[in-house]
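Okay, got some structures for you below.
One chain, chain A, links the two complexes that follow: it is found with chain B in the first and with chain C in the second.
And then the complex of A and B:
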């Protein structure tokens, strides 16, 4: 399902303060518990919801990048935070700190479980690390002329939403790379910073409070959230896990 | 992208896709606000905070509008000036405050009596990160009536003047004033006068402003030799704000010497002018007096200051001119050119028309004009009884028997009597004196007639005056019977066509001599 009307301390940019993947969910430590409680009520029985900070800040959604295989943290992350995350997250998720000049990894890297798009100026080592830790194919791209690919698009394994000014050719090119259907649209009443305004995984999406009904319908249709059930997907994941053990 | 194209690289053609408007969901091209125009319009109202009704003050007497604090701007309804006025009223207060740029303004028709003026403004404002939004809105100007300062002053007391210029000339004729009137009309010097009144021996000009009066006094000083003094009289006084209201009076006296006057110079003046023979004729009066000795043909100029230091009266004036019949002319010297006018010294034998028996011998400067059988006007010193004090100063002075001033065209004029002239003059709008006695009125009329004749005979007099074509004049069908010579008249090229609209346009065509 999808949820709207979320606010983190009166800001509708919830993608800044949270990170949602198929295996876990990270939430920033806020003044009130409302934000956390929404995620918890929805996801707690399926995936772990972890409260954290990164480098002492709350903008965790923009600082880290991850999928079901791993989580990449910037060099500003403290040892305690690193340890806390390692403890809270499932064992199959590899938590790795990355030494990278561009430390806002959430802005520089957009990924799902199979493909990642990165900032064009990312280091070669980081790129290799991403391929290793997250188990994805890495492509350096721009979106509508913007190099911060992590901010201007959000995609899951089912579909993706990109910056509204993306041309049709670009859209086709990205779609071919990512192998998912893409659509250009907005969130939060015309805001172009997609990833900041919403956060999504294969069966759920959370959108900021300013999102209009139109935007919501677009999100719902491109991410195929109507018929999505968590259990089916998680069972599939578990099946694959069991297979590997054996 | 542009650089890549310049470098000759292959560039993929970019087509902009469509997104859904975030509010209403209709497909649209992505824009800065990502909302379709209608949604944006419903969201954003850039006229918020702007005044839709503005009060302006209008003076019904002079149809002008108040621009605070004190300026009144005269404009008609739906004129460009009114539009500029309305624009300025809104621009400095509302537009600047809200960072709005006005692009266009136009009037919407309202009933003239409704006291409402409606203007539709088109304004632009920056909305949501570099998107410029354009919107039209209507401002209604409510007109309140209030008299402006000058109109209320006029209403309170229409005769109220602040400054008066009293022009006086203490002579028995009004020729100078006729001439001055024409010059004032030509140069429009009395445009600011609120009232003009004719007095005995002069004219009073009333002004609403001291500076206008001063300007007029300076103008008169340039065209006539004058002496002036000024005074002021306290009318009212506001001690709190220290405002003093005065009435200013300028008393301007024109020197009593006019053209064609015979003057006997006082010994001091004669000496200072290089012993100019005490009897002189005044040939021209502008802001200097031109004097000429008819016997020696010497001339000199006296400017106003010099005259008023040692003022003198004329010996004989135009009223004392007498008709002469010229019997014989003997040219003595060749033609002399004095400042544009030519004179020739001659000995003449003349006889007064009234007394053709007595033959008088005289020297004259009109040798180039007179021939035996002509008529001339001059001063009869032979028979005159002068009790001028100045003459007594000169012991042993040989008075000539007659001094001729000008040629007379009386006989030829007789034939043309009663026929209108081909030209006419305009006159100032003067308040006249109480009706004088019949004798005085006739005097004034004959003075005026003489003035017109002077204009015809002397081209240099016409220089500063505008003559207008007389529509009533028809050239006579009969050929003019020339009796030797024609009466001098104004050549037609010098006449200005009298337009009904305004004379000012015609001034541009003024004749150059």
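And then the complex of A and C:
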């Protein structure tokens, strides 16, 4: 399912204050308890929901990048925050601090569990780290001419939403790279900054409160949220983990 | 957190008040919509011309301004306010223009309204929609030929009585947000004001402004980016009060015409209040109150106002009721404006300020 009407202190940019993957969910400290409790009530049975700051700030969704395999944090992350995240996240999630000049990793990297799109000017070492820690294939890309690929698209293992001005050719190319269906659209009543206005994983999505009914129907269909069952997906993940240990 | 124009410059303002010549607007000779739009354009051009004059004035001063960059309007075609490393020399050219609010201004106006109340969640989106829905009274200031179509200022007056109940003809359309948008934003504002007011005598006045007198009260909303050139303020307020008076004659129904016959304007704003009220503890040069918006100082001096202060941080607030008659100050007499810097403000506490001002004194 998915959830609408979310606000973080009167801001609909909930993708700025949260980060959702198939294995964990991060939520910014501060903001009302309401914000945290919505995530907790929906997810807590299935994956851990962790309150944190990054570098003392609340804009955690834009500073970090992650998937079920790992979490990449900017160099501004404090030691305490790093330790807190390592303690709170499942053991199989590798938490790694990255020494990259472009420290807003969430704006520079968009990824699911298999593929990542990155800012074209990212360091070579960072690219290798992404491939290692997140276990993904990395592609340097732009989206509708924007280099902040992490801001202008959001995709899961099942589908993706990209900047509304993405051309058909670019959509096809990206879709081939990512191996998921893509749609160009908006959230929060025409906002092009997709990843700031929503956050999504394979079975659920959370959208800011300005999102219109049309936008919601697009989100629901491209991410295939209607038939998604969290337990089935998490069971599959567990099975694949057990297989790899055996 | 205050919204700001994302260009790198500091506006250096002349200390003397700007010349008053530009503010003696001749009343429009006809009351048609066409004449009104012409008058608005004329006043925008007037402000541009005057800004040019003060540009020359400032240019002669710029030698003494030290690290000051300048921003000024020019009558050439405006350039986009980019800060490219090669050509950026600290001077930004911008042609500001006044527009009627449009639905496409939603995001810009919403950003300006984020700080209107405190940080508790309320229906900012619905409030923005309300403002944009009223095209006869209300102005947004944007830059001409701006790619981003950014909204730098919004000013309007909403009748508290008109917008109190949910419009029974409101239909849910796919282009409207999924959340329910009746006029609960106005109710939330009223509730916020009631909660901020704890003194009984002010509470009675407030209750009547929000209750039985609501039909005569206009909520005067004026939100802008922090560094909007202050030369734009007098024509902006002139435009607002002109539009209000035109609306009392031009609106199609009698109900609408009457809804703009405001007896009072209610303003919600911010001030910095010195932490020690005692005169002796303060330095002589420190003001007791620093107004974030300079026009608030003028509104504050208008006789017979009610002031309710509320602190955004905690829920404590001071209430002052003043009935002392003061000089009737014309809106155009702006006193000197200065940029507030953090170290200057260390002795001050940011507080909210709510004023109810008699309409006849400001129009």
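Convention: the second predicted complex is superposed on the first by the 245 of 246 C-alpha atoms of A that agree within 3 Å, B and C clash if a C-alpha of one lies under 4 Å from a C-alpha of the other, contacts with A are read in each partner's own complex, and residues count from 1 in each chain.
One rule holds in what follows: contacts are C-beta pairs under 8 Å (C-beta built on N, C-alpha and C of every residue); 3 or more make two chains touch, one makes a residue touch a chain.
Keep in mind it's a predicted model, so treat the numbers as computed, not measured.
Novice: Between chain B and chain C, positioned on chain A by superposition, is the outcome a clash or a fit?
Specialist: By the criteria stated at the top, chain C and chain B clash after superposition.
Novice: Quick check for you: in the superposed arrangement, does A:179 touch first (chain B), second (chain C), both or neither?
Specialist: Neither chain B nor chain C is touched by A:179.
Novice: In the overlaid three-chain picture, which partner chain does A:10 touch, first (chain B) or second (chain C), both, or neither?
Specialist: second
Novice: Using the touch definition from the top, say if A:190 reaches chain B (first), chain C (second), both or neither.
Specialist: A:190 sits against chain B and chain C alike.
Novice: For A:83 in the superposed arrangement: first (chain B), second (chain C), both or neither?
Specialist: Neither partner.
Novice: Counting only touches as set out at the top, which of chain B and chain C does A:32 meet: first, second, both, neither?
Specialist: Touch status of A:32: second partner only.
Novice: Should A:214 be classified as contacting the first partner (chain B), the second (chain C), both, or neither?
Specialist: A:214 sits against chain B and chain C alike.
Novice: Going by the contact rule set out at the top, does A:170 touch chain B (first), chain C (second), both, or neither?
Specialist: first
Novice: Quick check on my understanding: which residues of chain A belong to both its chain B contact set and its chain C contact set?
Specialist: Overlap of chain B and chain C footprints on chain A: residues 189-191, 212-214.
Novice: List the residues on chain C that touch chain A in their complex, please.
Specialist: Counting only chain C, the residues touching chain A are 106-107, 110, 114, 119-122, 124-125, 172, 174-179.
Novice: Inside the complex, what are the residues of chain A that reach chain C?
Specialist: 4-5, 7, 9-12, 32, 34, 189-191, 209-214, 216
Novice: Using the touch definition from the top, list the residues of chain A that touch chain B in their complex.
Specialist: 164-171, 184-186, 189-192, 212-215, 217-218
Novice: Write out the stretch or stretches of chain B touching chain A in their complex.
Specialist: 12-17, 19-25, 30, 33-35
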